[in-house]
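Pasting the structures in now, so scroll down.
Two complexes, one shared chain (subunit A), two partners (subunit B, subunit C).
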Partner chain A sequence: MQTFQLNLPPFMFQVETNIPLVARNANIIYGDAYSDEIDLLVYVDYYLSATYSGGIRRFYKPQARFLCDEREPFQPLTANQAYAMLEWGMNWTVAAHELQYAIVHSAVLAKDDKAILFPAPPGSGKSTLTAHLSQNGWRLLSDEMALIIPGTNQVIPFVRPICLKNSSIALAKHCFPESVFSTLAADTGKGDVIHMAPPKAAFEQNRTPAAIVGIVYPNYKADRKLDIYQLTMTESFMQLVDNSFNFTAIGKSSFDTLTSLIEKTKHFEIFYNDLNEVDLFLTEDIINVT
Partner chain B sequence: MNKFIGEKTKLECKEGMLMHPFLDNSGLVFFNTLSTVVTSISVSEAVFKQWLDYPQRLSKEDLSKLRTLIDQGFLVESQALE
Partner chain C sequence: MLLNQHLIVQLFLKPETLLALTEPERSKVMVVLRKQKVLAKLAFLIFDKTLDKQFDEKTLESDEHALQAYKKTLPSNEKPLQLDEKTIRHLKNALKVAEKQKEQVFLEANEISHILKPVSEFVVFLKGAAYSLNHSLAGQGRIYSDIDILVNKVQLSDCEQTLALHGWFGEKISNYDQRYYRKWAHEIAPLAHIQRGTIIDVHHNIIPIVSNDAPSVSILKNHIVCNKNGIQTLSLQAQFVHSAVHLFRNEEYKTAFRDVLDLYFMLIEIGPNNLSDITDVAEDLGFKYEIGLALRALQNIFELSLPAQTINLLLNKSTLRVAFDQFIFAKVLLPQHRLLDCNATPMRYFLATVRGHCIKMPLHLLTYHLLMKSGRGIIMKIFGAHIFSPKDIQSNDNLPQRK
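Now for the complex of A and B:
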């Protein structure tokens, strides 16, 4: 059994695994944030495990289980999906337990410490857009969740790899050959999945919050040039709540935070097939204007 | 006249419900912290106040929107003099 720690501000995870690809992938993806020298003095927020299921099945069709503090939120997956399961498990762990932030399912990228949220359901092209921007002058704060400090428009980085699926995988490997990628998790519920390591600069600034200045709801459409729709505050609020992980759990604080945030930011829904056009729009019409 | 709305009935936001009118006048949002229902209505705050004071004057469609807010526990009758 191997044990390693992941120092991913604002959280510290400790992971136990007997599946070699889990530790190997975590090591290459997280770099300096990964340590297999366990620091007994450090405060660990979450104890996780990704291990083989027991029983005879292990020998002919091995499966992996994810546990968070002895809770098992998912059904076991095939063992070759164990690293992806760990990443999803970390997402679940934070979304299910952290109540000191208003948490929105959203990518977060920043320029000059001005952040834009990209809340979107699966299939919207969010992660491909995130990968592109993070390699082209934008600071990656998260591919998966925005941790908003209640009562402010400040978002805390939670730097993690970018989860790419299906046709995005080849595209990312072609466009960003210097980047580090995990092994492929084939045939998951989301299709084929791979994780792309965040740029070093993102880790270097992983304790620096950014001020949210825009919220953009992306929709990738292969046959559509850039179409931009300005949303009303009411429309944007309702979409943001739909993408919130803990809105109802936090209650009034979350309501006040999101309504206030909506009034301090710009809101757009975009349809696009050209990532460079999106980059230009974001920079000129949201970052530079604010 | 809707049979549930008397001639002199007025409505008000129920105590404990959270309501926020947005600065761009695009609408109001509501949050019931007990049932955790979140909803919105796309009228300005000024128009919404008129709706609460004179629900009798509303079209069937607008009255239906208010009825939904009542059913969701956001609004209550503040005056029923029938």
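Now for the complex of A and C:
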């Protein structure tokens, strides 16, 4: 059994695993934030494990199970998906417990500490866009969840790898040959999945919050040049609530936070097939004018 | 400090014990209590209500400076303030979940009561829901996964139909399980609300019929009370008896500590000097022995001084039986976690499980029941616990299925 700690502000995780690919991937993805020398003096927020499930199943199509503080929130996956399972398990852990933030399922990228949220369902091209921007002058705060301090427009970074799916895997490997990638988790519920390490700069600034200035709902369409639609506040609010992880759990404070966010930011739905055009639009029409 | 079961118990008697721990020790305490489902309980004991409000306003700013300033402005004898920020955060978050559940249970109880009153002679809320609905000490910071209700058995199928009309449906279960619930158990299979996902367990008695010890409905009815909001529960004494019976006739003791805390806080509310109120109800319902075990356990765990003679009279079984039960319950009621420094007691857990099954049903039925159940169990033992599970499920009950 291997044990390692992941120092991922604002949280500290300790992970136990007997699946070699889990520790190996965590090590290459998290770099300096990964430590297999267990610091006994540190405050661990969550004790996680990703291990083989028992029985002779271990030798025939082995499965891996995720536990958070000895509780198992979801069904096991096949062992080759164990690292992706750990990443998703960490997302679950934060979304289910950290009620001091209004948490939105969204990528968060910033320029000059001005942040744009990209809330979107899988398949919208959100992660590919995140990967592109994070390699082109934008600071990655998160690919999966925006931790918003209630009553403010401040978003806290939670720097984690970018989860790429299916055809975007080859694309990302081609465009960013310098980047570090996890091993492939084949045939998951979302298809083939790979995790791409965040740029070093993202880790270096992982304690610096940013102010949310825009909310952009991306839709990648192979045959469509950049189309931009300004959303009404109601449309944007409904989409934001739909992407919120803990809207009902924290109730009024979440409602107030999201409404005030909607009132103070710009919001757009975009259709695109060229990432550079999107970058230009975001920089000129949102970042530079706020 | 040694992180052991004794320390965990102490935390509920003297919450300020938490202050004496180092930060890494507190982090482990958070994990242990969360698994036992009692983290919110400790949080409630630590933050008193007025402080609560001030604190919420401050932490929402969530920066360390605000927190530091806050620490300075309050008198030094206020307890939560010497805690570190992370511990405060975990405690507050656990409390938020409990408060949310409490809010929810009032809404659900009103609806359930309203729709079932025309069809059932009584609609009684049991266990966790009852503690919350009556604002009992046991309900403070209590979390639960379902709402337990008791209805009149003769009107059970009317109740089921009415609930279905209002969106409460049971999950598909095997014919064997269906028959098990109908014929032997004291409840029907859980019903989930189609929109809200809330789960209710509908009971028609407080213990399984098959045990032959279930009290008659006419006796149970004597212990139903109605609070000022028109919600029915058992009387506090009968709630104590029910909780004790539930605990000492169970087969599963992994989170027994929460039930132990429930019993402790109910005893405090009733008043340890009013034991006769509890024993009278226990006698009426026919559960003196379980109350004896409960009081003995509370006395040992929380170092109470309860009258030994009363407890001895309640423990009215053979010396061997009493000794056997006390041997098991000396350990299995305490919180268990691998982060705790305590001796493993798998044998006592095993005995507790066997004991629970034996009490539940006569031996010939038990043999049949376990035989039916163990076919699948044996396969799972050999092939791993997840042989039957679908290949790719990443969804979780609480969260939308997306990443």
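Note that in this section the second predicted complex is superposed on the first by the 290 of 290 C-alpha atoms of A that agree within 3 Å, B and C clash if a C-alpha of one lies under 4 Å from a C-alpha of the other, contacts with A are read in each partner's own complex, and residues count from 1 in each chain.
The working rule: a contact is a pair of C-beta atoms (placed from the backbone, for glycine too) under 8 Å apart; a residue touches a chain by one contact, two chains touch by 3 or more.
Note that the structure is predicted; figures quoted are calculated from it, not measured.
A.B. asks: With everything superposed onto subunit A, say whether subunit B and subunit C fit together or clash.
C.D. replies: fit
A.B. asks: With both complexes superposed on chain A, which partner does A:G251 reach: first (subunit B), second (subunit C), both or neither?
C.D. replies: both
A.B. asks: Just checking: does A:E144 make contact with subunit B only, subunit C only, both, or neither of them? Give me first, second, both or neither.
C.D. replies: In the superposition, A:E144 touches subunit C alone.
A.B. asks: Take the Cα centre of subunit A as the vertex and report the angle out to the centres of subunit B and subunit C, nearest 10 degrees.
C.D. replies: 70
A.B. asks: Scan A:L67 for contacts with subunit B and subunit C and give back first, second, both or neither.
C.D. replies: neither
A.B. asks: Now for A:V241: first (subunit B), second (subunit C), both, or neither, which partner does it touch?
C.D. replies: Touch partner of A:V241: subunit B, not subunit C.
A.B. asks: Tell me the contact category for A:C175 with respect to subunit B and subunit C: first, second, both or neither.
C.D. replies: Touch partners of A:C175: none, neither subunit B nor subunit C.
A.B. asks: Would you sort A:L41 into first (subunit B), second (subunit C), both or neither based on which partner it touches?
C.D. replies: A:L41: touches subunit C, not subunit B.
A.B. asks: Where does A:W92 make contact in the superposed view: on subunit B (first), on subunit C (second), on both, or on neither?
C.D. replies: second
A.B. asks: For A:T259, using the defined touch cut-off, is the partner it touches subunit B, subunit C, both, or neither? Pick first, second, both or neither.
C.D. replies: Only subunit B; A:T259 stays clear of subunit C.
A.B. asks: Is the number of subunit A residues in contact higher for subunit B or for subunit C?
C.D. replies: Comparing touch counts on subunit A for subunit B and subunit C gives C.
A.B. asks: With the two structures laid over each other on chain A, which partner does A:A201 touch: subunit B (first), subunit C (second), both, or neither?
C.D. replies: neither
A.B. asks: Please give the least Cα distance, whole angstrom, that subunit B and subunit C reach in the superposed model.
C.D. replies: Minimum C-alpha separation, subunit B to subunit C: 6 Å.
A.B. asks: Shared contact residues on subunit A for subunit B and subunit C?
C.D. replies: The answer is residues 248, 251 of subunit A.
A.B. asks: Quick one: in the complex, what on subunit B touches subunit A?
C.D. replies: Touching subunit A from subunit B are residues 18, 20, 22-24, 26-29, 31, 33, 36, 38, 40, 42.
A.B. asks: Please give the residue numbers of subunit C that touch subunit A in the complex, ascending.
C.D. replies: Contact set of subunit C toward subunit A: 22-24, 26-28, 31, 34-35, 59-62, 84, 86-87, 89-90, 92-93, 96-97, 100, 337-339, 380-387, 389-396, 398-400, 402-403.
A.B. asks: Contact residues on subunit A for subunit B in the complex?
C.D. replies: Within the complex, subunit A touches subunit B at residues 232-235, 237-238, 241, 247-248, 251-252, 255, 259, 262-263.
A.B. asks: Under the touch definition given earlier, write down the residues of subunit A that touch subunit C in their complex.
C.D. replies: 40-47, 53-58, 63, 65, 69-71, 73-78, 85, 88, 91-92, 95-100, 105, 121-122, 144, 149-152, 163, 187-190, 245, 248-251, 253
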